[in-house]
Every structure is written in structure tokens, then in C-alpha cells.
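Below you'll find a set of structures to go through.
Two complexes come next, and they have one chain in common, subunit A, joined by subunit B in the first and subunit C in the second.
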Partner chain A sequence: MDLINPAVVDLSRFQFALTALYHFMFVPLTLGLTFMLAAMETVYVVTGKQIYKDMALFWGKLFGINFALGVATGLTMEFEFGTNWSMYSRFFGDMFGTPLAIEGLMAFFMESTFVGLMFFGWDRLSKPGHLAITYLVALGSNLSALWILVANASMNMPNGAHFDPETLRMTFDSFVGVVFNPDAQAKFVHTSVAGYVAASMFVMGISAFYLLRKQHREFAARSFRMAALFGIFSTVAVITLGDVLGRLDYEHQPTKIAAIEGLWHTSKPPYEPWIVAALPNDAKQESSYEIGVPFVLTPLITHSFDTPITGMIELEEAAAPRIASGITAVSALRRYEENHQAADLELFRAHQDDMGFGLLATRHAPNQDVTAIEPEQLQNVIEQTKPDILPNVFVTFWSFRLMVFLGMFFFVLFAMASYLSLKNQLERNRLFLKLCMWSIPLPVLATEFGWITAEAGRQPWTVFDRLPTFMSASTHGVSYMLFSLAGFTVLYSIFIAVELYLMFKFARLGPEAHAPHDDHADPAHLSVVAH
Partner chain B sequence: MIILLRFAGLGLALVVALLFAVFVGDQGPWYFAWAVGTVMIILVAAAGAVLFDAQVEQYTPEGEF
Partner chain C sequence: MDIYVVLKLVWAGLLCVLLIGLGLMVGMDMGVGTLLRFVGRTDGERRTALNIIGPHWDGNQVWFILGGGAIFAAFPTLYATSFSVFYVVMILLLFSMILRPVAFEYRSKVDARLWRASWDWVFLLSGFLPMFVYGAAFGNILQGVGYHFNWTGQYFQDGSFLAYLLNPFAILCGLMAVSLSVMQGGVMLMIRSDNPIHDRARRYASRAGVLAVVLFLAGGVWVRGIRGFVLEQGDPAMPANPMQGQHVSMQVGAWLNNYAAHPALWLLPVMGVVSMLAGVALVLANRPRVAWWTGLGAWVGTIGTVAASMFPFFMPSTTRPDQSLTIWNSSASQYGLTCMLAVATIFVPLILCYTSWCYYVMRGKVHTADIIKDTHSY
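This part shows the complex of A and B:
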């Protein structure tokens, strides 16, 4: 079998990364703002105070802009699996297709219907009725994210499926196994609450902008208060679930966790430091300029003081027998495909857990055919395949650190914001308000780094330990890929430009354009903000 | 009769919610934590807003808001 042109694989990866990262500039706000709107509207329904309705209306309008563009950017991605990743879709479509289809239904039916009712139902529904719709929008948008994360988790930790040698694809065993996959749970909660963090920062930052300009102060101070409290609890949740994800990686994706921690050699507990910064060199398989905090890594990752974490060099060594076993599995499968001999099937079954490693060796086999490997060539092929099991350490290490550093920063910022808001000392801390305003894009940036950690760290696999990325793409030409890449880049950049233009425009206009009765502009009324 | 039916309906909803909590809490503890945590975050943010109103009333002349 001819392998797919590596340039096409790289371009397909680049295109997917680009579209996914663009799409995820919109998603976090949608996930979080909906629940914040629900919180604002809840206060409106309970207290009957008009200002909370104004808040729900104004932030709802900004949510609407973001939602429309987010849906547009998400649509293309669903098709990309078919167009650019057809080998992957063939191998894993049974598993991946189900959650993706449910996501489509959720997004298009549940979310869109309720979004319409939320925007146009203010005068047509009772107060509690409208509130229920807002909650359903929030639930719907988060549930559609759930299905995407269920699908993504099954690529990282393929629970509830097995490989079928008759059909040559992964077959769905258990829906419950897929949905309740521990990785899916942790990924969903981490990503959903990351959205809450992004929305809190968005509302807090724009409110800080109004407070700095002494505009819409009543509105802004209340929005700020709600966003700060929403944000601090969400940040604690995102960090907690980050820890859960790290532990799951340690248990199920040892190469990913070793790359995340820049751990070339097996750790020496309990002293092993947590590396704060370093320059990992993938080619030399070592890191320079390491700065670490001793005694932190072992309890952080293993939740114990004496369990070693296997390093990348040792993982490479440990992969050698799996590569040999995988070559046996793939060769037996090929023979079984041709002759349907029970002995070949039996041999395959004995080695099937390592099949992915045999596929990984394909690149280094004579004529890219593992069945053609002569016994004297085997060791050479294994040696060449061993380094392929590792992801790009530099990218994984730094994207993780940037996400974590940002997470720590959010914790401090939201804690201070909550404190200052509760103590009514916001307006005298202008520098702090400016910091809040400039921090608006940071949570979105953190989510992008999160996705880079998750996806770059999963390499060289699309389906962890089962299907290598270089075998997953479609057999397009390079020019086709370049053309579609350019098209996406232009189109998505236009979407981002439109989003930014509209967001700036409506944020500058402020809530008054919307609700004329934010009329207590007299600062005396707002001594509470300045005390 | 209507009150009785309402109680029965609410009771049924409670049982369903409890069964849901037991099942999801068992099978998907993080999903359960998400549901509970989200409700809690919303309530805390809402309480913060109500507290704000109380503070405003305390600091400003009576009947302002």
C-alpha cells in the first residue's frame, strides 16, 4: 500500500489545527455567557429589578454575535473529517460518528430553537418561561460541546470499542462506555468551565472599561460583581479538572504526560522537580536551561510521594517489543485479509493490542509494507520506529505551561476582583480595572493552548495507540490542500474581523442604546462602587 | 385534588431527580460535579448581585433604588 504523501498529511493537520483554533475563539464565550445570562436573568426574575433584565439583554446581544459566527466556523469542521481525514473516518467513523451526529442534532435543533426563543420571546413568554428558555440555551450549548468532547476523548482513550479484523475498523461496543469514559467527563468539565472563565473575563473586562470611563456605572458595577464571583469559582473548577486530566494522561497516555512535563528520563521520587521553564530539544532528546521546583512533580502527577513517572527515553525502549508484536499483528492481518486462514486470525488476536505500533512501523518498512520486513531488517525497523512514538516535546511542554500560567494568573485576578468588588473599592483601583480590561482575550488564549496540549500531545496518533496520524488523512494532492487552506484562512479571518468589529461596536455603544433607563448616572447614587 | 396532583407531580420529579443523581453520580462523577457546580456558581454570582443591591441601599439615601 502506498502511504499518503507526508506533505498532504502535514497540510491536513495544519488545516485542521487552523480551523479548530479559529473555531475555538468563539466557543468558550458561548459556553460561559449562556450560564451568566441565566444567572443575570435569575436575579431579574427573583428581584424584579429592571437593571438585571438590561444586563441579560445587553450581554445577550454580544452573545448573539458570537453565537452566529461560532456556528458558522464550526460547520466546516464537521465536514473536514470526511474530506481531509477519510482514512481516519473509515477506521473510527462508527465510534466518532455517533457523538458527532448527536452534537449536530443538539446544536441545530435544541440550541438554535431555544436561542430564537430567547432573543424574540421576551415579550411573548412569561418571566419564568423565558428564564427556563435561557437555561435551556445554556444547557443546549454545553451539551453540544459535551458530544464533541466525548468524541475527542474516544480518540485519546478509546473506551467502549474494539477493532474488528473482518471490517478493518473500530466497532462500537457500548454507548454508555463511550459517554461515561472518564476522559470524556474530565475533558467536558474542564472545557465547559474554561468557557465560564472566558465569559467571566469578557463581562468583567468590558465592565471595567465602563467603570474606567465612568459610563453605565450601575450596570457595570453589578456586571463586574457577578462576573468576578462567577470567574473565581470557575477558575478553581478549571484547575481542579486540569489536575484530573493530568492524572488521566499519566494513567492512559504516558507519552503525553512525559512530553507535557519535559521528562526525558524516568523520575526519581520524591525529589523530582516540577520544571517551570526549560528549552526541550526534540532532536537531541534533552532539555537545557531547566528551572524547577523540587519535590513537586511526583505528588502533582501521581498523587503519591514514591511512584516514579516513566520518562520518554524509557518509554521508547519499552515500545520496542510492542513494535515487534505490532508488526506480527499487521502481517497476520494482511495475510488473513487475503486467505482467511484461522491460524492468521489467531495470531492477529494474540498481538492485536499492539497493532497500532505495527502500523507506525509502516513508514520504515521496505516499500512501506511490514509484511516485506526480512528477519535481519526487523531490528533496524524497530530502532527507526521507536522515536516516532513521541509527540513534539517543545510544543506540548510549552503549550501546557502557558495554559497553566494563565490559569494561575486568572485565579489571582478573579480573587482580587471579587475582593475589591465586595469591598466596594473598584473605582479607586484604576490600574487593576485596566488589567481586567486587557485580560479579556487571555482565557480564550488559554483554551487554545489547552487544545494544542491535548492534540499535539496525542501525536503520533489520531486514535491513541491504534491509528497513526500519517495513515489517517485523505489522498488529496498538495495543490488541493493548499487551495482549501488558503480559502479557510481568508474566510475564517473575515469571520474574526467581523466578530471583533461588531463586538467593539456594540460594547462601545453600551447598554443604554438598548435600554434607555440606566438613568442613575449621578455618581452619588453609586457611592457603593467607589467606597 | 389539584394540590394533591401537584404534590404527586413534584414528588415524582424529586424521585426522578434522585435516581438521576444516583446514576450519574455513580457512572459519571465529574458530570454530576459539573451539574452541581454550575448551579452553585450561578447561585453565588446571583447572591453577589443581591448583596450589591443591599450595599447600594445601605450607602445611598433611602428609597433611591
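This part shows the complex of A and C:
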């Protein structure tokens, strides 16, 4: 069946992960900072106090440095489905393309058009007019996240589409099913609020830096308090929605939840412990050095005390009949494509829900052709395919735990920050301020672990239960992949270096340097600079 | 006519609108980027040029992103296949595109000669290269591309990327797109700048306009000798499956068949040429505002000419012509096209309204003296 070179699939996955994780270093800050800028400007418009305008201008400048990279690296994502995941895009594009296009039409256009006015329109718009623009930018960036996560959720839970043997792809059949996909709703709130946590930590950390240096104290104290309060509410929301997502995975992606919890065998409620740490071994299908808290897992996942959670070994066993049925489906489909006999179509229809499992068996079939498996080979192929239904347990297990541990840390940190800020005791607690400062990158790290949990846990599928990842890529040569990967690595490394340099530079300069009277751009000097 | 056929046609039309919007709006900003080093001799002048498009480039760039998104949603098979077949070219396009937002935001944030000079070169590269690739892509699909599908719908490439980068007709089309973009960029600079930028922009815009006319006419003559494709058999209402249902033949000069069948189509190339010539005249007569609108006419004429020649083909295959991607076999489902049409009907007019309003808010000349004083500007 002309399987794609596995090295090319791995390189495509690596490139996608690299570019997506990189893109997602900038997005959370954009999502949260837009709303914080809007909040600062609202206070300015209502109270007329200049300090809040200074806040909006200063944090707006740092926002701009970050926003540019978010936009630039987002372009890559829009292209990459087509350039590297051709089969996926053809197979799932009828449905998947729709939320992406709506994202452009409804959200990204609004955000991008008004962000220009937000930066350049201060003197051209009335105060409420400019405030409205800032809110539109915030709304645009968050709506953008909504549609992207609707698209992402459809890969994890393909609602609103069914496979059509006439076009050999998933056919879009329910807009409502796609938009109101429960996974999408929970993911959107979980992810965008995680962005608010990142933005809160960013503003709080830089404010802590000023407080430590006793610079811009009023400015920093006000920014700190706003960020701490915004942060504590956002962290609570992230944790709540994380719980909802876990429950959805339990219902719809049992392999993902079992891998997240490192659950090799079906759980025994109510005693079953929640494993805090362990070393899962994918090859041996067991974990060593397990440390757990008894009685926690069952209520955590199932919200009950007596429902067992199916383990990975049991899920493998349960997949065996689906693999057999899927092989029948793929074979019938191929015969139907060649001869258009009604009997083949009927046979396919009877087995179509398992087609993805048939495709999954391709790698283990003789000549990598599931349509030509002899009856005596079938059992062997099924046995070899069974372990393939599981994601990489080590990666899924640990990325989830690191995300959760960081989330708990944020809760404590923001709670203490809010308390100390409201009691006006910040400047006395220098160690705490240092902790806040050094925590700036952690929420971004947590969202990256979240992405890895969700997408590594989705494996071996691009479209869950429907299309295996190893069939989804474009049929490039290794050299093409190395070329693009090298280019991305070089460019993105330069970008991050420049971004960090500018962020540090402007954060160190502080808000005062930003006020119009403190203009360091001397015209005489500038004309010397050019040429 | 079958409702599905109507939807396919409407979306093919909307795709043309997007490609025109992309050429016009993104092309204009890229033209400014290409011209940056030439219209601005001092740093203050270059910053003036950048700030003329500064408030709008980000919004305009969405035409480009939306172009990709709309092809994905409305013609998923075309998106999946064309982006992969042109992989190296697309990646180069992408690299130059992602440098641009960064250049805007970072260039003027550091006051050092080498820093700013480097970003000015980035503007030249990220203005010239994407428009060149955009035009060259049309040059390539007019000649057909080597690819086929297996029974699962996986595509396989039957040609080398070098052929897509380095063939004379594609280079001609690429330079044509660059000329139009430089012209439009020059016109925009004329509208919103004073001397000396204004007069330099005028010089480059008029030259680019003349070059565009020459290249357009040369391309038109060249196409007569190029192998075109004819859809001998294929039901417009067919399920969107490129693997079966079509019979396609190849003939030299076939891209002119549609014009022979419907002579009214000649209005499109005529419109292109007339708009470009009128644009040159208006630029020389110092009427850049009107020239901006003839620029729209030039893009409508150019994209329209290609569309009229190729209809109903999107990307013909030279190695398995029967699997050529057409409007009929590469579209989304009827349901998907309907949903997207509803969404587009609401949002496209809205986008046009608020984009125009933003230009209205930021109207007027940009003065170098003000830019140098303003620390919020690019």
C-alpha cells in the first residue's frame, strides 16, 4: 500500500511538534495580555488616572514584541497541514478546514486589523473609541483560540463527520456537532485561561523585578496586584476545566486517560491509588518505582467511588476484534473502489466504524497490504497490531504530571501574591518577589506540557480511531524534511534570541522610558544611523 | 443546475476574490517592503515608508492566511496536494513570510546601524520572494504538475522541485506578480508621503507598471505555445474524488479554448492591460488615489485571465492527466461548502467595512519629522 518512509513520518512529527510548541510559547501571553491591557485601559478611561495609561502603554509595548512572533509562527501552522500532512488534510479537510477558515474570517482578521489601531490610534481615536478597539483585539485573539481548539478537538473527538466511501474521506455532516463538541468547549476555556495565567505571571514577575530594585514603585505595585488577582482566578479556572477534560478523555479516549495515569491494568476501586511518580516502561508494559496516594484515582477520574477504569492491557485485548473487523473493512473498501459491487459496499458498511484499526494493521501486514492477508496470517497480524493502539506512556504520563505539579505551584504562588499584595507587605518579602520573577517562564512551560499530554496521548492517531499518524504525512524524501527542519531551527533560534534580547531591554528600561517626554530617539543621531 | 455544482462554482469564484485580495493588499505591503531600500535613503525616510503601511500590514496579511484557510476548507484536496507538491517552494515562501512580522516589530526597536540595515534587507527579501513565488505558482500550474494518487487518496510526486523554481515561464509569471506589487506599493507610498519619498515612489511605480504590461502581454503570447489541458469527460456534480470519474487530454494551446468558445472572456485580459496602462498614466499625472483603484483592476484582470484560461482546472497533472485536480473533483462536500458560504456571507462584508474604516482613521500623509519624534512607531 505504498507506506510512507517511517523516517519521513517521524521527521514530519518532529517538525510539527517543534513549530507548534514554539508557536505556543507566544500565544498564551497574547491571549492573556490583551485582556489585561483592556482591563488597565478600562481603569484609565473610568478614573482618568495617567498611571493606568502608562501601564497600558508599557505592557502594550512588551505585548507587541511577543505578538509579532505569535503571528509569524502562526503562519507556519496554517501551511504545515498542507505541506507535511497531505493525506491527513485530504482525509479530514472537509471538516477540519472549516473551523480554520472561520478562525481567519471571524477572529484573526479582527484581531490583526485592530491591533494596528491599538498601537497607532491613540491620538486618532477618542478614549472610549480606543478602549473599544483594545477589547476587540482581546476578543479577536480569544475567538481565534476558540476556533483553533474546535479544530484540534475534532482530531481528538471526531464529532460531526463520517467516512464516505465515494470520496474516501471524512465528510462533514454537522456544524453543531463540531462547534459544540464537548472536548472543544472544555479545551477552549482550559487553554485560554492557561494563557491568562501566563500573562498574569509575566506582569507579576516583571513588576516584582521593579519592586526588588525599588524602581517605578507605584506602577509596579498596581500592576502586581492586578496580575495577582487575575492570576488566582485564572488558575482556579484552569484546574477546574482540567478536571472536566480528564473526565471527557475517560469517556472518549480511554487509551489516553490510561496512559496519563500509567494504568497498565484495570483499576480496582475504591482503593486504587493516584500515582504521583513512577517510571513507566513502554516496552515491558509495566511501571517501576510507583508512588501513589490510595483512594484518589477513582473519584478523581470517574467522579464516583465504584467505577473501574479500564487499563491499557485490557484495552489492547478489547482492540483485537476491532482490528480484525477493520481489516475486513479496508479490504471490502478496496474491492469496492476497483469494481463498484454493491456487496462489497454492504460489507464495508457493516465494518466501517473499525476501518481505522484496519489501517493501523498496515505496518504489520505482509507487503504492508492489509487487503492481501491470508487467513492463517491474520491472528499474527492482529497480535502485532494490538500494542500499537497505545500512545507512548512515559511521555504522556510525565508531561501530564509536570503540567499538574506546575499548576498546583501557581495556585499557591498566586494565593500568596494576592494576600501579600492586598496587605501591602510585598517589598518586605524579597525572597518571594524573587520567586515571582523566576517563575515567569513556568506557565508557558506548563502549557507546553499540556499540549504534549493532549497530542502525544492522542497517538497513534491523527484523527482519533480513524486515521493512523503513520499514514497521514506527505510523501516527501528525507532530504526535503531535513531542508525545512534546518531552516526552521536556524530561523526560530534567531527569533528567540532577538525576542529575549528585546524583552529584557524594554523590561529593564521600564515604564518611564516609555513616556513621550523621555524621548531617546534623537533626530540628528538617527540621520547619522541611516547609511 | 445541481445545487452542489452551484456551490462549487461560487467557491471557485470566492477563491478568485481571495487571490485578488491577496495580490492587491498583501502585494501592496510587499511592494513597499521591496522598495524600502530604494525610496528611503535615510533611516527617517525608511521609517516613514514603514509607518505608512504600519497600522495595516497585519490586517492585510490575513488575506494571505485566509487564502490558505479557504482553500483548505473549500477545496481540501487541492490544499493537501498543491502545498505538498510545491514543498520546497512553499517552505521558502513561508520562511520569507515569517520574517516579515518580525522585521516590522523589531527593526526600529534597536538604534544601531547594522541592526536596521539587516532588517531592511529582510524587508526586501520578504517582499520580493513571496510575490515571486505567488506568481511562479500560477506559472507552474498553467504548465501542469507531475503527481498522481493511489487508491487511498495519498498523492505521489513525479517531478523535482527544481523544475518548479527554474523554468522560464514560471519566472516570467513571478516577475509579473512582483511588478504589480511594486506598482501598488509605490502608489500607496505616493498617497501617504511627501517628497523625497513621493517622487522616488512615483518613478518606481511607473516603471513597474510598464514592466507589468510587457510581461503580461509576453505571457499571453507564450501561453499559445504551452501545452494546455481539456476536460473531455467529467460530471460537475461528481463526488469530490480525484481518483476516478474524469478523462483529460493535453493539447498545445488548449488554454485559449475557453476564449474561443466564449469571446466575452477577452474582456478580462483587456481589462488587465487597460488598468495597468491607465495606472502608469495616472501615476505620472500624480493621481495616485485613482491609480490605487486601477491597481485593483489590474489584479482582477490578471487573476481573471488565468482563471478563464484554466476553467475548470485548478492544478492539472502531467503524469496522470485523468487525476488532474478540477473545481469538480477537489471541493469540500455540499454540506461543508454551504456552511462556509453562510459564514463568508456574514463576515466578508464585515471585514471589508472595518478594514476601510481603519484606513479612514489612519488617513493623511505621514511626515518624517513626526515619525522620528514618535517612539511608538515602527
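FYI, the second predicted complex is superposed on the first by the 511 of 531 C-alpha atoms of A that agree within 3 Å, B and C clash if a C-alpha of one lies under 4 Å from a C-alpha of the other, contacts with A are read in each partner's own complex, and residues count from 1 in each chain.
To be clear about the criterion, contacts are C-beta pairs under 8 Å (C-beta built on N, C-alpha and C of every residue); 3 or more make two chains touch, one makes a residue touch a chain.
Remember, it's a predicted structure, so these values are computed and weren't measured experimentally.
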Combined model on subunit A: subunit C and subunit B, fit or clash: fit
Subunit B versus subunit C as contact partner of A:L241, first or second or both or neither: first
Subunit B versus subunit C as contact partner of A:F114, first or second or both or neither: second
Partner chain(s) touched by A:R349 [first = subunit B, second = subunit C, both, neither]: neither
Touched partner set for A:H252, first subunit B, second subunit C, both or neither: neither
Partner chain(s) touched by A:N424 [first = subunit B, second = subunit C, both, neither]: first
Touching partner for A:T76 - first (subunit B), second (subunit C), both, neither: second
Partner contacting more residues of subunit A (subunit B vs subunit C): C
First (subunit B), second (subunit C), both or neither touched by A:E103: second
Which of subunit B and subunit C A:F495 touches, first, second, both or neither: second
Angle at subunit A between subunit B and subunit C, C-alpha centres, nearest 10 degrees: 90
Superposition-derived minimum Cα distance between subunit C and subunit B (Å): 17
Doubly contacted residues of subunit A, that is, touched by subunit B and again by subunit C: 520, 525-527, 531
Interface residues, subunit A side, partner subunit B - complex: 35-36, 38-40, 42-43, 46-47, 49, 52, 176, 179-180, 182, 185-186, 188-189, 192-193, 196, 221-222, 225-230, 233-234, 237, 241, 244, 418, 421-422, 424, 520, 524-528, 531
Residue numbers on subunit A that touch subunit C, as the complex places them: 1-2, 4, 57, 61, 64-65, 67-69, 71-76, 78-79, 81-91, 93-98, 100-106, 108-110, 112-117, 119-122, 124-125, 164, 166-169, 171-173, 175, 334, 337-338, 471, 474-476, 480, 483-484, 487, 491, 495, 498, 502, 505-506, 514, 516, 519-521, 523, 525-527, 529-531
For the subunit B and subunit A complex, residues of the former touching the latter: 27-31, 33-34, 37-38, 40-42, 44-53, 55-56, 58-60, 64-65
Of subunit C, residues touching subunit A in the complex: 40-46, 51, 54-59, 61-62, 64-66, 68-70, 72-74, 76-77, 79-84, 87-88, 90-91, 94-95, 97-102, 104-106, 109-113, 116, 150-157, 161, 239-241, 243-244, 332-333, 335-336, 339-340, 343-344, 347-348, 351, 354-355, 358, 361-362, 369, 372-373, 375-377
